[in-house]
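Some structures are shown below for you to check.
Here subunit A shows up in two complexes: once beside subunit B, once beside subunit C.
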Partner chain A sequence: MNAKEVLKGHKSLAEFRYELGQVEKGYTNRSLYINLSDNKVESKPVTDMMKEKFTGGKGFGLWYLWNAVRPETKWNDPENEIVISSGPLGGITQYPGSGKSLVVTISPLTGLVIDSNVGGYFGPLLKFAGWDALEVQGKAEKDVVIFIDGNEGTVKIEETPIEEKDGHQIGEMLTEMYAESEDDKRNISVVTAGSAGEHTLIGLLNFTFYDVRRKVVRLKQAGRGGIGTVFKDKNIKALVVRFRGVKGDLNHPSDISRINKAGVRLHKEICKFDDVQNKMRQIGTANIIEVMDEYDLLPVHNYKYGSHPDTYKIASNVFIEKYITQGKPDGCWYGCSLSCAKAADHFEIKTGPYRGQFVTVDGPEYENAAGLGANCGIFDPQYILESNFYCDTYGVDTISFGTITAFAMECYENGIINKEITGGLELNFGNAEAAMELLHQMSRGEGFGLIAGQGIRRMKRLFVEAYGADPKFLQDIGMEQKGLEYSEYLPKESLAQQGGYGLTNKGPQHDEAWLIFMDMVNNQIPTFEDKAEALHYFPMFRTWFGLNGLCKLPWNDIVPESNSSALEPAKIPEHVQNYVDLFNGVTGRVIDKEELIRQSERVYNFQRVFNIRMGHGKREDDKIPYRSAGPVTVEEYESRRERYDQQLIELLGYNPEGRTTEEKIAVLRRHREDQYEKLIDAVYARRGWNNNGIPKINTLEMLGIDLPEVIEAVQPYL
Partner chain B sequence: MIKVNGRDFEWQEGLTVAKLLEKKRYTYPKIIVKVNERLINKQQYVSTVIYDGDDVKVIHLLAGG
Partner chain C sequence: MKRLGKKDELCIGCNQCVDICSNTYFREALKEKSSIRVNMESQKGYDINVCSQCGECIEICQIEALYRDKNQVVKIKKHDCVGCLMCVGFCPEEAMRQHDDLIEPFKCVACGLCAKNCPTGAIFIENVDLVELVALGETATAGE
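Take a look at the complex of A and B:
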């Protein structure tokens, strides 16, 4: 049945008409609230207080969610919300990376707020349709599609008979269904989960945009923390927005020439330097696969090692030469000349339900190649692309899947689990066939896929309780923290990055801080105070992208000429000034680079308090698995014996001569764990938190985030 | 002995910036090299000699995904 025929089978549950608004200086000044339990739809004002304290994007999401949930709320309670918001700069077309959506919900993996920054057109089109944010609460009885028509001024909730469950199918069908013509498809964006969202806690959301050159629907992912699982639990088949008429001044910015100038500067840099710097236009973030291997940072075999002799088989040149279509302007929003949304076209699928079909695979991004590939010991580009495709369309977070599979493989090789437990899957490192089948099981809701789909924290518990595993060993090698799986960098030799992962709000995702080179290679932050300063500045700076609908990549994946003589080159000061110009140019406000950081600090501290209100957010929650800080096993120590022995001598005055490897591991471990605790002390102090990680009252007051309910949440712990 | 990013590194006769980068396996393209605080352009890596006791900084501008 074609899409238009299927549409006739939609049953209207609610229709809401609204006055088309106009964006003024980056804001529409209202949000769309939908409750699926009673099909209520309403417009809510965006207040000056919200703009002042939360800026937009993730900040708005946190504020709405804070008001929607209670401390006891679980991810699958009806009051949990999914909030999507772009931010005041979202949708500008003059500056690369300006079309992001920020998604916020209570995560099924962590029980905390998760936020995810995603490309595709949904956020900007939502804003141009008249809404700064979309807040979805409640649960539908049957599958529904929410359709927002930004030209007609209607919001419809429709029960849908669509049987397709996978992201690429639903994306294509709904684009076809709601577009009035081929030319209209570019005006549609669909948000959807996938079949695995029903069976796992690691479900993701796909955000589409229509690629007019390829004539295919492309998928970008809000991957982390199981947002797709929440989406499926609410019985949402899809969110669809349509808006016709995108142009460069729709945000009605205060000073468009300022934005234009910043944009021109960056476009010129990209044109001049990308080919000799990161080659983002050729291969996107996957340009660093071999760099990570070269610097001993590529996770291999569940983060045991940092490099592998076979990495050349999945190096970026392999994807460029054999798979990824070159020469396309692959931006995930208009005007992004960095063009990193790469794709493999006409890629033949070899396994599973889409076997024999030729598809467009979005990717691979670095995390896919590292997590699906190297971390599982699979150095096969065909497998990486195919599992990337299936993760996306099944709606499975590639990072969690990679880290979970690597953990399962180490457990299998250690005899903690066996073929009987895995239902026949031989989960040895390097077994691509078994890993692929595990993924298919997650889609079908079968076998060991159901267990792995619960995430490492729950797997550890099960392996201890049901199979007698050693809880200490599993705690050491299970690369999760706060319930979220680690992303794909090896932080063992960088104390600052151990904090960059461990001292995050949502769990160990690198989008808060990536300090490995500053710390381990450049040695720019040698003292605890230096590291603490970096673990203050960079998480705050990076948070700011999520408040404004921006992508992080144009900040430092292209570097201007002036940077070589900059006082603080790691900050890319010229680009920081671009962001100040963009914010002031759009909103008409006057901020400087210090106020930019304070904007983030307000939201960052608020999120920490949110975690505290949910029963977490304290020092004990910031502990990390030892695998992320040092060698757990003899084979790990021996793989870098020279380095570790040297450290024992130089740092501890300990003579390793004649000592067993186990003895040396124990001594090194005591040292490294002590270092991490000292790091926590320094970072908490720099952030204005007490020794238990609780923001102090005067910190909250200084930031102007001392709302009565915020103070009430922290008071018992001060 | 020289310093590379504040850490001791054994000096050898005839050491140049290009040779040092090779020895350290510093292959990442976005780097800033300074010898005794003097900025060295990429075109000068082969011809710039590093002397015993020099202070070399090789700042990698990589800040993750």
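Take a look at the complex of A and C:
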């Protein structure tokens, strides 16, 4: 049906009018609160305290969520919120990677706060429509669309008859519905989940932007932690914002000159060096598929191995040559000349409900090629793109799906589950057809898809309780921590990266720290203290992007010519200075690179305390599955025997001669597990936490995040 | 294709072109607001820097705010442009201009006013064949 006709069938539940106002130095100074249980809509002030202590973006999200929930709150309780906020720098057009939205909720997978950093136009348009953050609480009775008109100054909650359930359909339909003309489409951004959000805990949110050149709606994903599942549980069909009139000065920055200078400088760098550095403009993050394989870091067969002879079949050149449209730089917000977003246009779908249709697939990103492909032993670019498309449109997190499928495959090959349990799916490594069917089942809410959609933590429990699996083995090979599936890097040979994954707040996602090269390849952080320093600095530095509506990629996926001679090249000091300039240029405040880290530390510690308040956030929660730290099985050890034998000799003075592989695995394991514990000790000390991972009072005081309720949450554990 | 041609060797560095350009478009004589610039530092003499109408910037712009007009001159749709400045950073001639007083960048549109006033004929309006330039690899066309 024509979208405008469908709109006529919308039933208004609430309409809220507001003064348009103006952004001042990056902030609108108010947030939009919506409760779907009683259709209440109100404007809440953003206080100076919030700006000072939480900066914006994810910081605001955490603060609102903290005030909304109780320690007992579950993801599907009505008081759980979905908070979306960009940040004070969000929406500037001159500097690459400045249009991100940060989404925060209580995760169905972890029971903790999940935060996700996503592209698309929603966050910036929301701000220009007058709101620093959008806070959605409660549950609607029937499917609703929330429409924010940033030029009219209205917020509408409308019951919708839209029957479509998948992301790409809803994105297109609502863009069509609310745009007044073709030219108006770029002023619309839609947030929506997908059909699998109803049946799984790994649902994601799609954030759209309209691609003017292709004339298609593009989808970017807030992938991790099941935010789409919460969205569906609230019966939200979509959030839509419309704002006409984006310009480079809409943040009303304090000093636009600094922003312009930093922007042009980085554009020039990217123009000059991207081709010889990471080729982000050509292929995006997928440029590292073969690099990871080369360094034995590409997860293969549920993280057993780090490389595979067939990787060439899914190497970046295959996508560049056969699938990805070239010559159209794809930024997910204005001004992103790094342009990592990629599209395979006119891609023909071979399976499922959209079989035979030609679609635009956003991707593949590295994580998708590695997770959907290599980790499941599927070295087929067609499968990777098609499953990428279906994950997005069904609203399934590609990372969790890849890691879950790889886990299920290993269980299947070990006889822990069988064809009877999987309903006929032969989940051997490499079986693309079975993996695809598993994905379709998640959309339909059928069969083994329902089980896999619960995530690895719950699968482990079920396999033990119902099928008599060995819990220790499943704990070793199930690549989840805190309930969240690992993202797609093999951390086995890098202790720092084991910590980079294990010592995160939300669970093992690489956005906090990616230290593999520093640690393993370049040997820049040899001691525990060095590693602890890196596991303090980098997570804090990277947290800052999420406070400000920024993307991490333009920080170190392009580096200035002089970087190699900089004092600390891994930090990309010149780009750190760009961020200081941007922050000061927009907000008019005066921070330096040290204060930048403190801004993050406040929020990072607050998030840790939030986890503690939710009953977690302690040392035991930072334990990792052994598969991420060393070889679990004989075949795994044997595949890298020379390396491991040598380590036994050199590091432990243990002679592997005449020992069985099982014996050697046990000795190596004791050593590696001990190393991880020592790492934890060092990192906790560096972060100002006690030995149980609880932030100390004086740490909180020093950072100025010693709010009474924060102190109250940690007190019982100190 | 209409464009401003140049002969650096005829330039005497009088900067009249610069004043005319910024005065015409921005009502002030300010070299930072001129689309044409004359580099006086060059060892080889004067170096005239101005848009060659190669069109590389058209490819760079994600929202099609740059286009060729009926004379094949590259122009900016100010209404559509958000001022991301990517075209400034990616211009192979470094001839796409930006000034902090303005949101959108600006460039030479081959109006020819400067050429009319050039005392030595160092700058002049010329018509070059776009097809030939493409063949020589000097220019970009949309959609490639």
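Here are a few things to note about the model shown:
What we mean here is this: the second predicted complex is superposed on the first by the 718 of 718 C-alpha atoms of A that agree within 3 Å, B and C clash if a C-alpha of one lies under 4 Å from a C-alpha of the other, contacts with A are read in each partner's own complex, and residues count from 1 in each chain.
Basically, contacts are C-beta pairs under 8 Å (C-beta built on N, C-alpha and C of every residue); 3 or more make two chains touch, one makes a residue touch a chain.
What you see is a predicted model; the values in this text were computed from it and never measured.
Once the two complexes are laid over each other on the shared chain, residue contacts for A:His267 go to subunit C alone; subunit B is not touched. Within the superposed three-chain model, A:Trp514 lies in touch with subunit B and out of touch with subunit C [touch as defined at top].
By the document's definition of touching, of the two partners only subunit B reaches A:Asn522; subunit C does not. In the superposed model, A:Glu294 lies in contact with subunit B only, and not with subunit C. With both complexes superposed, B is the one of subunit B and subunit C in contact with more subunit A residues.
In the superposition on chain A, A:Gln94 contacts subunit C only, with no contact to subunit B. Subunit A uses no single residue to touch subunit B in one structure and subunit C in the other.
Contact residues of subunit B toward subunit A in the complex are 5-7, 25-30, 32, 39, 57-65. Within the complex, the subunit A residues that touch subunit B are 276-278, 285, 288, 291, 294-295, 365-367, 487, 489, 510-511, 514-518, 521-524, 526, 538, 553, 556, 559, 563-565, 569-570, 572. Contacts from subunit C toward subunit A in the complex involve residues 59-60, 62-64, 82-86, 88-90, 98, 100, 103, 143-144.
Residue ranges on subunit A touching subunit C, taken from their complex, read 93-94, 186, 212-213, 246-249, 256-257, 260, 263-268, 270-271, 327, 329-331, 334-335, 337.
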